[in-house]
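A, B, C and D are the chain letters, set down in written order, and residue numbers restart from 1 in every chain.
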Amino acid sequence: MPPVRPRAADYRHHVAITTRWMDNDVYGHVNNVTYYSYFDTAANGYLIEHGGLDLRSSPVIGLVVESACQYHAPVAYPAALRAGLRVDRLGQRAVTYGIAIFVDGADGAAAAVAHGHFVHVFVDRATRTPVAIPPPLRAALERLVVS
Amino acid sequence: MPPVRPRAADYRHHVAITTRWMDNDVYGHVNNVTYYSYFDTAANGYLIEHGGLDLRSSPVIGLVVESACQYHAPVAYPAALRAGLRVDRLGQRAVTYGIAIFVDGADGAAAAVAHGHFVHVFVDRATRTPVAIPPPLRAALERLVVS
Amino acid sequence: MPPVRPRAADYRHHVAITTRWMDNDVYGHVNNVTYYSYFDTAANGYLIEHGGLDLRSSPVIGLVVESACQYHAPVAYPAALRAGLRVDRLGQRAVTYGIAIFVDGADGAAAAVAHGHFVHVFVDRATRTPVAIPPPLRAALERLVVS
Amino acid sequence: MPPVRPRAADYRHHVAITTRWMDNDVYGHVNNVTYYSYFDTAANGYLIEHGGLDLRSSPVIGLVVESACQYHAPVAYPAALRAGLRVDRLGQRAVTYGIAIFVDGADGAAAAVAHGHFVHVFVDRATRTPVAIPPPLRAALERLVVS
């Protein structure tokens, strides 16, 4: 049974991603590792723009404790891509993002070329111990929760 | 319940990995994405050295269709690391690698700083359709199977 | 004497570049290495779109034999950037690109945050020996020559 | 006139570098960008081990203001490499490193596969204004000066 490929319309927030020459590996397509860089970029970008996260000074930061990805179809530089972001689970101190990568320009019914998730645990920047998600970040994340 | 952290002795093959300045992200430790690069490096290196894979000319190549990682403890450049590799499942056309990252110099009882898996589906280089794993690769992979 | 910072108007072709979380290093700004990835992306993208280069099958490919960059001002993810591209020297078998990185949205008088050059020697894909630049690539490159 | 290829014996300090699957680009060899990551790794590793630099807390840090590389011969993952490091110029607030990459296991007469330089300007971490190189870093750098 082939894996289910999510659609663009399954995600709440979308971010443009330009591919790079280096994204292509020796087999001529975007390397599997690089998708996780797209994931990171989409989620943190949302936290910065909509939740007030400051990478260099916020007292609470999100650390990745788990990630996963399924790859459905190859893409290659110089393709323009788009990441779809949603929140699959929002806890007191952790959030699970659902993320999918699409070829840019595709409509809402287009199938993802890859999709996966990762979990951010929020910690105190100095002590690295888990803390409650600060209200501005939580408010931003709540807007992406899918039921 | 905290996740189980595998031990170095749980893996059959080990590969030294030198960290790089760029591996550290703005939070001062190796970025979550980079661990997947270590995974790729450990598995393909084994296929090249022990299974005769030639990245530029082998008619059958392994494409990643799924990957996942759990992160247990931070590490940072300039730490020396080691990847442990094993085969968790060996099918006709696909293999699931189990991989863990350790601080180099640790003994067999040392706990992994991260561990995960990825799945290679072997395909014809030109057509990209799945094919049976060629005998030399299969023989090499069989030696890493854990029961 | 501070180095001269080129302006956006000094470049013929411009390419949008989205930054990534991983571009920022431990000091909180885009790592010096990453600018070369922007350079590569801008030049090869132009060759693909305007000169007919096919990364996986063109019989003639460009290999980098020299590169350099001067860094004028820090930028950081999630900034949107733009690369400016021109041809500083076009020989029989080699081209020297001039490239600069700008904050996106800046006008033509805006100063580069970094600028540099790199040299592509064109070679036969199989033998890797230098060959004359094929006419479609040369025509594309000629349009970017500055005097 | 072909460029001069330095020898391993021309460098004072050597660092082992393990290549990665992702280092290879679509043309099957280590991408030109990646060499700068080796440069960064070699120089900062020396400052950390021999000069007491702490990436996360030192009040004075080195920022790259200029870099360059010449590429002499291709190398590819899974090759083991070695970086040679020296100091070509040591000023009050800046240092110019000379760096070359060798295939590991080669003797002192072996020619570099690539070589280049980069300039670190030392700045106050908070204000990012240039400052004198702190004595422990200077002492470490002086040991690598070549005349």
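Convention: a contact is a pair of C-beta atoms (placed from the backbone, for glycine too) under 8 Å apart; a residue touches a chain by one contact, two chains touch by 3 or more.
Just so you know, these numbers come straight off a predicted model, no measurement behind them.
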{"item": "Remotest chain, chain A as reference, centres from CA atoms", "value": "D"}
{"item": "Listed chain pair A-B, A-C or B-C that repeats interface A-D [over half of contact pairs the same by residue number]", "value": "B-C"}
{"item": "Euclidean distance of C-alpha centroids - chain C vs chain D, Å", "value": "23"}
{"item": "Rounded Å distance, chain B centre to chain D centre (Cα mean)", "value": "28"}
{"item": "Per-residue overlap in chain B, given as positions that touch at least 2 other chains", "value": "21-22, 24, 26, 28, 31, 33-34, 37, 40, 55-56"}
{"item": "Footprint of chain C on chain B - complex, ascending", "value": "21-22, 24-26, 28, 31, 33-34"}
{"item": "Touching residues (chain side chain B, partner chain D) in the complex", "value": "15-22, 24, 28, 37-38, 40-41, 44-45, 48-49, 55-56, 76-78"}
{"item": "Sites on chain C touched by chain D in the complex", "value": "26-27, 31-34, 36-37, 40, 55-56, 61, 63-71, 74, 118, 125, 128"}
